[in-house]
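In what follows, a structure is listed as structure tokens, so that the remarks can point back to it.
Order of writing sets the labels: A, B, C, D and E. Residues in every chain begin at 1.
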């Protein structure tokens, strides 16, 4: 599958894709890969640079990367699209990847992870993009293989924000040309993580909208919306949660692929991840509180309705009985003949109705109807 | 018991089997075993191979395995069926198993575990299979004893997916013939773990079905289904949860039975286990949210019903009272003689009914009935 | 108190005993003991054995144990009943117990614990027994003091399952006579822990019974039963939970009283404890889910009842109003004279009733009554 | 404030005192102290002893303590009342306390803690006392400063149970005169901790009382009582919870102020603290279950009430309609003239009532009223 | 944004600001800063002192701070307002700050954190201020950069409580002039943390007010208020929670910028933070209990209302039916002619009403109405 789309309208089809991970059929050889027929054709872009020069070759062949491992330039081989098996396999050979790496790269989506291979560091994470004109978000898997002098990236599809970084390399802006492949990896990771913030902000607004609705006018749709928010935040959390430990390990462990100077930047990524999780957990708690509020609010509404029923019934049922009493057709009913029978009865009814009303007023039952 | 079947239809009988573990009667000698009378007869298959050759002996005798401990071939002794005590005891003797090992192997089901014995590593876990034509799943215990050059496996019943691996050994596919008994153990474990994914996927679909049902038309059956899902996910979790720590320990600890080259594969098993648990916890959270939604949804439905009752009662009860009033048989009721008494009363009733209706409309009580 | 009985019938008296621990009056000298006046008189049984011989002295005196500390035999001094202070004090002296040990042994119940004293290891845990003919269970404290060559046990009352182990010593069955006092301690502990399984199984069955009841016919008794199960499982958990850490520590730490050969057996105890806790937590989660199901089920039942009320009221209240209308005694009510007034009214009523019925049928409100 | 009183009657005033901690106005100099105008005047009692002698000076002056630091006697300087600043300041000087110590001692209440200062160990905890004739409890802060040969204690008010320990020193009972200041500290701490048990026992009884009430007759008062118990247990937990870690650290860490012989006693304190927390958590879980039971029980009660309403309404509303029907005054109502019209109608009514009753009986709705 | 205001009235606009963190647009160069157009203009105040002298320069220029790094005075450069980029950049240059530091300082709000840079320690936390005349609070980010001999602070706005510390430096009160920049940092941190206490106290009072309201008279406003308290406590917790670990690390780790003498003061900050979190968690638990109480209380109220309805309906509906029965106009209704027909019917009605009343009284349904 190329990308996991997440939206309310088509939630039935998408949901399953979102919450599952890609897995092998039991008993297949480890390291074997299955190309998704819907995956985009693979396109390899090679960028090489040092402090003085920067080259870029679009749509190049894996064999052009052979020199990356030996020359002194920093190389970034970026594969967009996971649909052309022979390109992927050639890249695997050129960069001498462990067979399990390519399996993880191609079987999307995987749970985000960081793995240490000899001389290579594999980082898998998800990029995120809010859906256009819609509620929800789309994620895409991105895999980084960081080597001594090179960075290899695999994307399901093109990521627009990377062009900014390519420009910075081209124009020699910032420190990217002074520092190594590890700093480049940081720049890309940082971009991916910063994309989570605006997605989260949308949920903040949706929760806010609910807060107003819920007390004034709870309905089936409110309930559905709370559930959807909880479900999507759960999906978001699964996508970001593993990063927390990953970056923490990365910044603590001794790793010869990341220089000391760049460590402090990875630590910054770690803090951003914590901030995202912090907001996420807050929203999850708020959404869970809102469920409680909704139940209370419905209960309150029912109280209101039932109180009205009780007031009206309690006042009129006894009166109706009295009316019924004197509607009986017995021959010997002395009251019927009395001069003031009718008016006496009316007065009695008034007394009962007044007494009841007074009782309800004293118990504060009328207040419910003045609340709004 | 041969296998623990898990399905809704026969849940009363099966449930107990599912959630309990096998245990001894208090005070029995440790290491003593009790053969389940329903267990299948034991059948020993011996597979021996090195890079160049591969032999297979079906239905062989335990004493044929004596050479396994000394020759240079990788040996896999696979026992299917736990019902023939003397075969099991002979195997115990040939491979010099600790008395507690056979007890754990035979007393099914045990909690999954990994135990270090001198020169042997015991791994107990559960294979899983979705029930045919039914909801639910079946588990079976599989025990691995990994030695220097050999692997011993005990299955309650035949596991079909293992034939693929046997074929791979026979046909010398992949790396299985190049690597040791530890890699073979990994291949089998990986197969067992990958089987959890399709079972989980079913639960994803059942939860999705519920999501639709629950808001539109919550019923007793929905409630039952949520409970069943929660119960079965709990059972699934018990079966997979211990694996997480087991594999983590296995990949961290120094173990002379697993070579460095194979470690990375066991670590892959660990990541798969984490992915399964990740999905499982997500489903458990969703199922728990659904319970909240169900309660809210029922509350909403009751609100709807009771609002209708209140509207109808509030409009007609006062009218009925008025009708009753003029149905009284008092002799002196001046209104009854009035020319426009009847029509005036009708008009009054119309006023009251209209006023009430307007009040309910203003409070938004009619909206409930336009929701659907 | 001799034993803490736990049953529904007499729960009011027993409960308090179950959940509290024994404690001193503030300010008493540490090491002072208070004999429970209801405690059984103490009875000392001394069993001594090596590979070749086994002796047993029933109802012996503490001073007969002096030789235990010096001779080469394995000695097991078993005290049943905690009611005779001078016997307890003499045992303390003979075995040179730390003053805090006897306090813990006599002040029952204590929280299970393992404590390292110089040259002695104190293990306190609870034996469990299902109540005869009743729901619930009884616990009793058992204290082990493991020394170099001897084991000292204190029981509140006789434990029947220990006779099997005494027989095994007498008849030289299994490995008990080949191994030391540590193996004997393991045998006794294993017996005590295995007794938890059948008690737990009962709760499994009670939960199953509830599952059926709860959806079909929830009642006050169901509610009470869920609460009782939760309460008793909580009590069970308190009794078994501390063992988990105890055995874990015991199997990890360096302890010169437990030989390497016996360690593997203690580890087996640890796994059994984990299995028990695993089942326990599963039952606790199920019981907690059942509470949710009960609340939903009650809500569903109320929905059903109230829907019936609403259907009947909504159909008949308007009809009754119409009937009341034409029961009025106004002189000028033209309809009353009409030839088809009565039948027209009947027809109108039929229309209203039919319309209402159709409306309720379309909203699916009748389905509720066809569910069962 | 001298002591924090905790009771239902005056809960509004007290609560706030109970849950807050004492704090400085922002920006005040660290080490500055504010004497509570309501605090009792400080009274210093000095007790000095060794194995052979014991002296006691009541109402003595801080400067009399100067010798404590140098002589070979064990000294216990006990300050009751925190109201006299100059006494407190002089004590600070004599014992060379760190400025932050006195601040913590005087600003009551503080969170319980243990702090290592060079040559001194500060232990702050809370004593507890059940309120006389009332529900609830009172806590008081006690601070210990343990030095090489001396113990300094600060109490908000006199603690009665300490007189027993003073007597034990005077009469040379137990081991107090043989051991050092650390053992004396243990004796006092143990006394304070043991006082928590009877307070907890009261909550056990209150929970038990609730268990009976809740199913039979839930009311507003039950609800209030559950909330109060939860609130007070929360307060209790805050007071005892920090002790757990404190004692654990104390018994693990290397501390030159506590001799090896006395360590085992501090470990005993640790176990008591765990027992208290164990009971506390159990009660908290029970109280939380009770809330669920209460909600269910109320729901059940409402079901009962509403079922009665529905039964009576469903039976009588159709009958009333029929009666109303034949109460109409149409001129042409043939049934009215029939000979058996009245009795036929009565029979029809009986049929309807009987059918309804049968239907309700079949659905089991009458069972509700036979429950109690 | 200059400060995040938090109040009920304007909650819709503010909330979003409160729960989000500041973040970069994805793909911007790390270390780049964006000045908030609403930020106050930056104003630099330099205070330099040693034991003998203290100087203060208000509104000075960054270049005046160059000497701070070399001279022997303790320097405190305090920047109020984050609106003037060139001042901020100059300060960055003078103090040789890492590019990521200024980014964190300017992008407010950040999650509180402590970061170790070579030779500098960055501490970011939030100051808090209760809103004037309103419910809620305002937070502001404060950043500390602690160097060898200097302290650099960045505030969003002036903090009044710091003037007290400036006075203490000027007047040489307390120990501030004897100790280094680390002690000055402590003084400022302590001031900020102490400000949390009075804010928390307000929540204690609001919870107390709710406790009274909730049982007596639960309403929509109560529900809203509970939700608001939960939401604001969640916001408070996010602001203070990270400090816990920060201070803990600071007091444990080896840090050459904080002298041993000052460590004990930082530990005191740590204890204060724990106290705040302790209160906060207690309030959160209370608020969550209150939600349960509210739901119960509403349920209780509904029970009350519905019981009244049932009592009145159950008594009068049968009576009304009887009255209706004898209001029928059949010609042959023998009872109508009976002499005592009317009074007999009245008597029957009395019997039914009395029986019903007795039944309800026995079931305790009237008690509900005597509760209040």
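Just a few scattered comments:
The working rule: a residue touches a chain if its C-beta (ideal position, glycine included) is under 8 Å from a C-beta of that chain, and two chains touch if they have at least 3 such contacts.
This one's a predicted model, so the numbers in the text were calculated from it and none came from an experiment.
The distance from the centre of chain C to the centre of chain E, each centre being the mean of the chain's C-alpha atoms, comes to 41 Å. For the pair chain D and chain E, the distance between C-alpha centroids works out to 25 Å. Annotation for chain B: residues touching 2 or more other chains are 295, 299, 302, 306, 309, 313, 317, 320, 324, 327-329, 333. Under the stated contact rule, the graph of chain-to-chain touches is a ring, a single cycle where every chain has exactly two partners. Passing around the ring starting with chain A, then chain E, and so on, the chain order reads A, E, D, C, B.
Remark: chain E residues 12, 15-16, 19-21, 23-27, 29-31, 98, 100, 110-111, 113, 115, 117, 217-221, 223-224, 227, 230-231, 234-235, 238, 291, 294-295, 298-299, 301-302, 305-306, 308-309, 312-313, 316-317, 319-320, 323-324, 326-329, 333, 335-342, 345, 372 touch chain A in the complex. Those residues of chain B that touch chain A in the complex are listed here as 161-162, 164-165, 168, 173-174, 186-187, 190-192, 194-195, 197, 200-201, 204-205, 208, 211-212, 215, 264-265, 267-268, 271-272, 274-275, 278-279, 282-283, 285-286, 289-290, 292-293, 295-297, 299-300, 302-303, 306-307, 309-310, 313-314, 317-318, 320-321, 324-325, 327-333, 363-365, 367, 371.
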